[in-house]
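Here you go, one structure.
Letters A, B, C, D, E, F, G, H, I, J, K and L name the chains as they come in the text, with residue numbers starting at 1 for each one.
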Amino acid sequence: MSHTYRVTEIVGSSTESVDDAIRSGISRASKTLRNLDWFEVGAVRGHIENGRIAHYQVGLKVGFRLEETDSGTGDLPG
Amino acid sequence: MSHTYRVTEIVGSSTESVDDAIRSGISRASKTLRNLDWFEVGAVRGHIENGRIAHYQVGLKVGFRLEETDSGTGDLPG
Amino acid sequence: MSHTYRVTEIVGSSTESVDDAIRSGISRASKTLRNLDWFEVGAVRGHIENGRIAHYQVGLKVGFRLEETDSGTGDLPG
Amino acid sequence: MSHTYRVTEIVGSSTESVDDAIRSGISRASKTLRNLDWFEVGAVRGHIENGRIAHYQVGLKVGFRLEETDSGTGDLPG
Amino acid sequence: MSHTYRVTEIVGSSTESVDDAIRSGISRASKTLRNLDWFEVGAVRGHIENGRIAHYQVGLKVGFRLEETDSGTGDLPG
Amino acid sequence: MSHTYRVTEIVGSSTESVDDAIRSGISRASKTLRNLDWFEVGAVRGHIENGRIAHYQVGLKVGFRLEETDSGTGDLPG
Amino acid sequence: MSHTYRVTEIVGSSTESVDDAIRSGISRASKTLRNLDWFEVGAVRGHIENGRIAHYQVGLKVGFRLEETDSGTGDLPG
Amino acid sequence: MSHTYRVTEIVGSSTESVDDAIRSGISRASKTLRNLDWFEVGAVRGHIENGRIAHYQVGLKVGFRLEETDSGTGDLPG
Amino acid sequence: MSHTYRVTEIVGSSTESVDDAIRSGISRASKTLRNLDWFEVGAVRGHIENGRIAHYQVGLKVGFRLEETDSGTGDLPG
Amino acid sequence: MSHTYRVTEIVGSSTESVDDAIRSGISRASKTLRNLDWFEVGAVRGHIENGRIAHYQVGLKVGFRLEETDSGTGDLPG
Amino acid sequence: MSHTYRVTEIVGSSTESVDDAIRSGISRASKTLRNLDWFEVGAVRGHIENGRIAHYQVGLKVGFRLEETDSGTGDLPG
Amino acid sequence: MSHTYRVTEIVGSSTESVDDAIRSGISRASKTLRNLDWFEVGAVRGHIENGRIAHYQVGLKVGFRLEETDSGTGDLPG
């Protein structure tokens, strides 16, 4: 049997660290997407205020398994 | 507090110019997505008919802030 | 008139071949997305069990035309 | 039936704008190539003289359909 | 002695499979180019009609050895 | 004789268009750098406010010829 | 507990097809490497003789789990 | 009004962690550059001594807003 | 005198963090390879279970100096 | 006035060195193409026989200015 | 203790060879920058006049260690 | 019959030139690997001491044909 996966792209952010931005993004995604399976880190960026890092922003591709009956409920917008 | 952003990929098109294809794509996305925040231009392509450019097609990644309560309404399909 | 397209990213899989994984992914996407127009193959990966390929996984970007009235029904989740 | 396309690479230039350099390149290519079908924009560069942009140079890949009988007439050199 | 090779870019297409699109493109190129030596696969794309793959399009770079006396006959256009 | 060139990276912005953001960045650079010679466009991004493009931001690499006697005056910071 | 994986790069070849070149490379690797876990396809190339594809060559990264006690036996050379 | 930004490339290092190397680099840059606005992480490398990580080195692009009157004071060398 | 270095590719994993996955991979490699000199981080991925990150996987290229007499002992498999 | 340039891709080879392969390729191209203007080096490869480099192969993109009246004479094949 | 490095981008040129263009660029940079530590070669290009290479241009990233007290003297412009 | 090739990554170095670093790396690899077939140049880097190039370091992928009976002798470590 052949599963199909869907890949969605998000940006997690954190005032603390790169790892925390990753966890924050995954945590938010898991609130509205079922069957989250894997992630891959993309661009790591951040903003600086007054010479200090104000927050980290980490691009993430998140993959999850589509169920045969999925049809648009429980979605992230976009 | 840590916002999470969603990145969606679209292709805007125009018979006029690259800039117009960008604006057209953003305009269409804004009809059904809230909190659009930024975009990034990807591939710029187009079709040629009778030796002239028939239309421009511009790949765009569009980012928008997820609200804590977003759960799949007001979405672009896909 | 300027159409806007939406690009969604999926991973098709198959125990048989690369081509079958492509077809499987497109077939699944077509169940819930209207106006599928084109695809582009990304990463081609797979898993190995007992020294043999257990299944192929093919990343696919799938483009489809947005209708003026699309607003979030008939969507793939995510 | 399976068409084959040929992709040729050119650089269009203009003293006016990026869009004008694209149009200029396509226009020149259409003088000697039949069946131009699509283009894709590559590197966008330019030269500066006296602190102002002297001209824009836009790399373009241009695709056109090969006819079954094409054999080297009506070609761009190179 | 130092040979020089020429690299030309084509797009082979097929309604059947990726492999068939590769073979189709090489076959077409061999009708008008001598001394074809190697190929490399680039982008693999395709079009979808009614939820099924209508045709595959495979970008190919094709290399062939230039003879010392080659001067523009037997060419692919462009 | 062998010239050496220096490449500096800037981001030009504009509320109007991509071309205007390019011109704006080059214009600013030319105020404090001598011998500007060429530019290359990198990432094209922008911000969206209320569903409309608020400004375009275009990454630019700008090259200029170093004079034998250059030693740090008339510089862009950084 | 944290596993470490090793990634080795091979090129599988076949006179038949891309898929066959993938299977051929994995099959050869499995003769001397334990615990093969996944693969990823890289460059797809081939040689042409007399206007026909003589053989396909497919670059593959192959990953396998290192056992705690692995120390250099059962290795592919290089 | 159109701001212009300058992007400078640095490598931050740390004996502790990737995050610490990022912070260390930003901190050093903020000593001599005004208006630091954002950063982007590039290559993450490090050196190993006696089988342990001796230090992490993180490539960073750092962007800052140019003031209209900037003319080369308060600069990082190079 | 000219040293030659060898680059081997591994994937370190951890249930804790990206940094811990890097350290774990380097630590494992140092058990069987002499003269480890540097590393470079590649893809950062991970798996998700029940909406939480189950483990991080970090691709690493690890370089080490070849001794003149190295001939295949003390090797990582593959 | 806006010139258009054509970019052709060749592979120069040499038994001696990388530089000699570049010169050899440019020299061959100049025999049949007018108005050669610039080149850019791509992949640098080579073959090994009996543990020694048998020849170097250097991919080159070569640009030349199209004359308004060019129509397919004096061409490299392909 | 954590050093920070600065990376500056230059283009060295030479009428003789690629290696000479590298050396020429490094030599020029060392006249005004202290503590040069490493370089990395980027794009290798050149200009052609009358069918022969008129000069080579080699893009270089040059890294150097920032001293704690560096504040903008002895700089390359830009 | 289908050969399988193995690709190993090394870094050759030289105090003299880029070409010499390539030859040095290939020469070292040929001492312990049989059937070396081809190489491809990757990153070209180097170190600078007292404003002069102290040594060049050239990344190389080296391919060689696996014999049916290869099982881990005559290997480069790693």
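Heads up, the rule we're going with is that a contact is a pair of C-beta atoms (placed from the backbone, for glycine too) under 8 Å apart; a residue touches a chain by one contact, two chains touch by 3 or more.
Quick caveat: nothing in here was measured; it's all calculated off a predicted structure.
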> Going by the stated contact rule, which chains contact subunit F and subunit H alike?
Replying inline: K
> To get from subunit H to subunit J along touching chains, fewest steps?
Replying inline: 2
>> Can you give me the shortest step count from subunit G to subunit J, moving only between touching chains?
In response: 2
>> Pick the pair from D-F, F-K or K-L whose contact list overlaps the F-H contact list by over half.
In response: F-K
> Across the interfaces K-L and G-L, which one involves more C-beta pairs in contact?
Replying inline: G-L
> So if I superpose subunit D on subunit F by CA, what angle comes out, to the nearest 5°?
Replying inline: 120
> Just how far, in Å, is the C-alpha centre of subunit H from the one of subunit A?
Replying inline: 26
> When the centre of a chain is set as the mean of its C-alpha atoms, what distance in Å lies between subunit G and subunit K?
Replying inline: 39
>> What's the distance between the Cα centroids of subunit C and subunit K, rounded to whole Å?
In response: 45
> Hey, what residues on subunit J touch two or more of the other chains?
Replying inline: 8-9, 18-19, 62, 72-77
> Between which chains does touch occur?
Replying inline: A-B, A-C, A-H, A-I, B-C, B-D, B-F, C-E, C-G, D-E, D-F, D-J, E-G, E-J, F-H, F-K, G-I, G-L, H-I, H-K, I-L, J-K, J-L, K-L
>> Which stretch or stretches of subunit D touch subunit J in the complex?
In response: 8-15, 20-21, 24-25, 28-29, 32, 55, 57, 59, 72-78
> Can you name the residues of subunit A that touch subunit I in the complex?
Replying inline: 18-19, 22-23, 26-27, 30-31, 36-41, 62
> What residues of subunit L sit close enough to touch subunit G in their complex?
Replying inline: 2-9, 33-34, 61-64, 66, 70-77
> Contact residues on subunit A for subunit H in the complex?
Replying inline: 17-19, 43-48, 51-53
